[in-house]
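Pasting a structure here, questions to come.
Each chain gets a letter, A, B, C and D, in the order it is written, and its residues are counted from 1.
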Amino acid sequence: MTSLHDEHLVAGVDHAAFPTFDPAGTVRFYRDTLGFPVVHSICAAGWGAKDHPDFIHFFFDIGNEDRIAFFYYFGLEGPDLTQGAGDVYARFPEGTADWFVRSRHLALHVASSEELMEYRRRLDASDWPVEMQIQHETIESIYTHDPNGYMIEFTRALRPVEPQEDLDANLTIDALVEVVQQPHPTMDKLLVRKAELIVQRAEKWQEAQQAAVSDEVRR
Amino acid sequence: MSAVAVSRHRIGLVVPSSNVTVETEIPQILGRHTAARFSYHSTRMRMSKVSPEQLAAMNAQRERCIIEIADAGPDVILYGCLVALMSAGLAEHRRVEGLVAEQLATGGSAAKVRSSAGALLEALRALGAQRIALVMPYARPLAERVVAYLEHEGFDVHDWRALEVEDNHAVARIPAADVMGAARSLDREGVDALVISCCVQMPSLDLVETAEQELGLPVLSAATAGAYSILRACGLPVDIPYAGSLLRIDALHHAELRSGSQ
Amino acid sequence: MTSLHDEHLVAGVDHAAFPTFDPAGTVRFYRDTLGFPVVHSICAAGWGAKDHPDFIHFFFDIGNEDRIAFFYYFGLEGPDLTQGAGDVYARFPEGTADWFVRSRHLALHVASSEELMEYRRRLDASDWPVEMQIQHETIESIYTHDPNGYMIEFTRALRPVEPQEDLDANLTIDALVEVVQQPHPTMDKLLVRKAELIVQRAEKWQEAQQAAVSDEVRR
Amino acid sequence: MSAVAVSRHRIGLVVPSSNVTVETEIPQILGRHTAARFSYHSTRMRMSKVSPEQLAAMNAQRERCIIEIADAGPDVILYGCLVALMSAGLAEHRRVEGLVAEQLATGGSAAKVRSSAGALLEALRALGAQRIALVMPYARPLAERVVAYLEHEGFDVHDWRALEVEDNHAVARIPAADVMGAARSLDREGVDALVISCCVQMPSLDLVETAEQELGLPVLSAATAGAYSILRACGLPVDIPYAGSLLRIDALHHAELRSGSQ
């Protein structure tokens, strides 16, 4: 048991890594269109595995000390993109629901609506225009697919997450964990279970809420 | 106006289970709109007693209610319990409206969301009111939270009355005379607007226009403010008769422009 | 043309999102094993798409204002995991090279070797022990697969990226973009082209290097 | 020691194309090790003239050379051009060793990487040397960069000679007498160690032991330092005769321990 035992020690994403079969398009998208600087590259062979092609691993700076990274393998054939859906890594049969295909994505953070619109401008002037913009009062995101078919989202700052919200999310997750361990979980069962948990914990929750309110008043 | 095609709008209402007034007064008000037709779709959060514990539990039913009401594909959802939000913490309506908007956006619904609490602030600001007076049905501790909430939003609550009715069913039966009596007893010196029912359950629609004529200042209620906010969210003109000057605001501005005043 | 035109405006990852068919395992892995707080959840139905199941979107804090997020769709069947390779999102035929399957991954950043070892301890005490540790002098990473089959890396801070390295990476990427637009690109052609670019740009490069040296001396 | 099975080690050498000395002296030294056998695998970076431009271009060939040499599956790679690193910027050996290590790790190679520049520092520290003297083949501006590099690493370069031979082929033919002459002419007052060849191309192996006896202080060269670093990287004892006290360091420590001194 070390002194680090109970601490939250991670410092966010170091890199989100993806294979590419189109490094030229990938560079045109991330560097030339979006303006993400190339910050690192590693040329290597696969010494650890048999039949591993030579490859290059290259990194773009996406701000806040995070990076997006690609692997390009010399001579490796990409998948057949004429059939089905998905990206160059994950292929799905024709007819797979869009919402499922899009569920795996990377969302990048911008501070303001103006900045979001600047990325919209850059994308719309490129071969990868914005495909979807969700503008819903306090929420604003734009989406496109990069040359590899990976869905990239830009999202502007929502209000900061508050302690009350954490409490609520934790109740939801506790209810979720219980409900999915029973047969046939549904949203309804989740919300019923959550309501039960709230009643069980109402007092404590109320105290926390009141503390949050007094905090706010004091500010 | 009569040449314009009548537009149709679906209004989602999320109300405390014991509330009967929202679903009565909002349709009464909006039914008088000349350029639009509305349909109303409700869902309920369990609550019978207006206590902090019940209010907290009720707020937690929000997610379920939004899922239910969004299934009906409304244009605007009114989250219809003012005190549930105002008692939960300062600026709570912004937090909750933000969470609901996010929930709707995440599920791909284009519905807008408004709350009674946010609508009251929006209406007071539309009237240019700064110093205000209030009539509320609540017990004193809850009433004090409502006053603190409004003051935190920048209003000067000059005077207020709390009728101290805790049972929410009973709130719906508060006699009009009691409400008018409370309104008359308020110190209205320098007051810009009177909120004759700072509660979506306390009936007051019929009193709004009468009180405005008698007391000589703009009078609004949680219901007229809610209707105002719904009309704005739908992008419709606000011009409805017999419900206080708030709901005639676009007609009044139009008249002012014609007479050359500002 | 706005004033934001040439600026690097992104602030890193907002969230990296994945579908899950095992929310209980996912919570046990990220919250209970790794200690990543649950910070947000959204219960929603799919109002925009037809036949969209009810779903919950939940978020874990991974530090540095970044989040990892999951979608759980009530009633949606997961893929058959008894055949082939990959994760619950991307499935590959039997025999697909490991190195390709692993190329798509998310690497989280820790500041020190001690912190890395603390996560190793947490994982090794769980149902998801570290599968691979790369410890190569200045580089240290641990890898495992989460309950959904997604590869998660923890990597400790390398030396900061220096301007010289950026220059070099940019040369590599310029050479890469040229070489992959010709038939049969190889690592050899890339490195030959890079050497040519260096000769072309040697003077400028030399100046930059010297500037970097004098910077360092001045510090 | 003779009871221990002889271990086998593959040594990768990355050398300037015109270098001939590294591949001669390192095998000569390590060939005398009693507990291990070594094989040597080289690859080359183009360079003929030791100028800043050529050195920069050569450094850029690093990636290719590492890919080539790692294909041979070496246990340790010695990146064998001292001045190429030291002239590129302070602490460059750490930067380059880091990048090569990363390149190897990314490709799944377990090879360790050492550089001549880093090895010289490692060896001087192993000897506990603080005040040092140097003989170098380089032209004065390059020699001055080497001195600055060592001082930045915390050493006090008390005196130094630059033989000012710029052609790298000619460096390999510098007569032993010139090197010894330069070494003898150094001010050795209070000096802890003498680097008789601060260059992997200037031959000096035969001079190391002789100079150490004649001048009465530890003498090392880029080659003996490289061999030292390779042995440490392989986890092998450092006990090789006739190449200066650096390469007998484990035997000397053992002797000191036996005699009870610290």
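To be clear about the criterion, a contact is a pair of C-beta atoms (placed from the backbone, for glycine too) under 8 Å apart; a residue touches a chain by one contact, two chains touch by 3 or more.
Small disclaimer: the values here were computed from a predicted structure and weren't measured.
Centroid analysis (C-alpha atoms only) places D farthest from subunit B. With centres defined as mean CA coordinates, subunit D is found 38 Å away from subunit C.
Chain centres here are Cα averages; for subunit A and subunit C they lie 11 Å apart. Inter-chain centre distance (subunit A to subunit D, centres taken as mean C-alpha positions): 48 Å. Among all residues of subunit A, those that touch two or more other chains are 43, 45-46, 49, 52, 54-55, 165, 168, 172, 187, 191. Multi-chain contact residues of subunit B (touching two or more other chains) are listed as 63-64, 67, 102, 104, 110. Pairs of chains that satisfy the touch definition comprise A-B, A-C, A-D, B-C, C-D.
Those residues of subunit C that touch subunit A in the complex are listed here as 2, 4-19, 22-24, 27-28, 31, 34-41, 43, 45-46, 49, 51-52, 54-56, 58-59, 61-66, 71-76, 86, 89-91, 97-100, 103-111, 114-115, 118-119, 121, 153-155, 161, 165-166, 168-170, 172-173, 176-177, 180-181, 184-187, 190-191. Interface of subunit A with subunit D (complex): residues 42-49, 52, 54-55, 57. Residue ranges on subunit C touching subunit D, taken from their complex, read 134, 136-139, 158-159, 162, 164-165, 168, 171-172, 187-188, 191, 194-195, 198-199, 202, 205-206, 209, 212-213, 216-217. The part of subunit D that touches subunit C in the complex is made up of residues 52-53, 56-57, 60-61, 63-64, 67, 88-91, 94-95, 97-99, 101-102, 104-105, 110, 112-113. Subunit D makes touch with subunit A in their complex at residues 63-64, 67, 70-71, 73, 102-104, 106-111.
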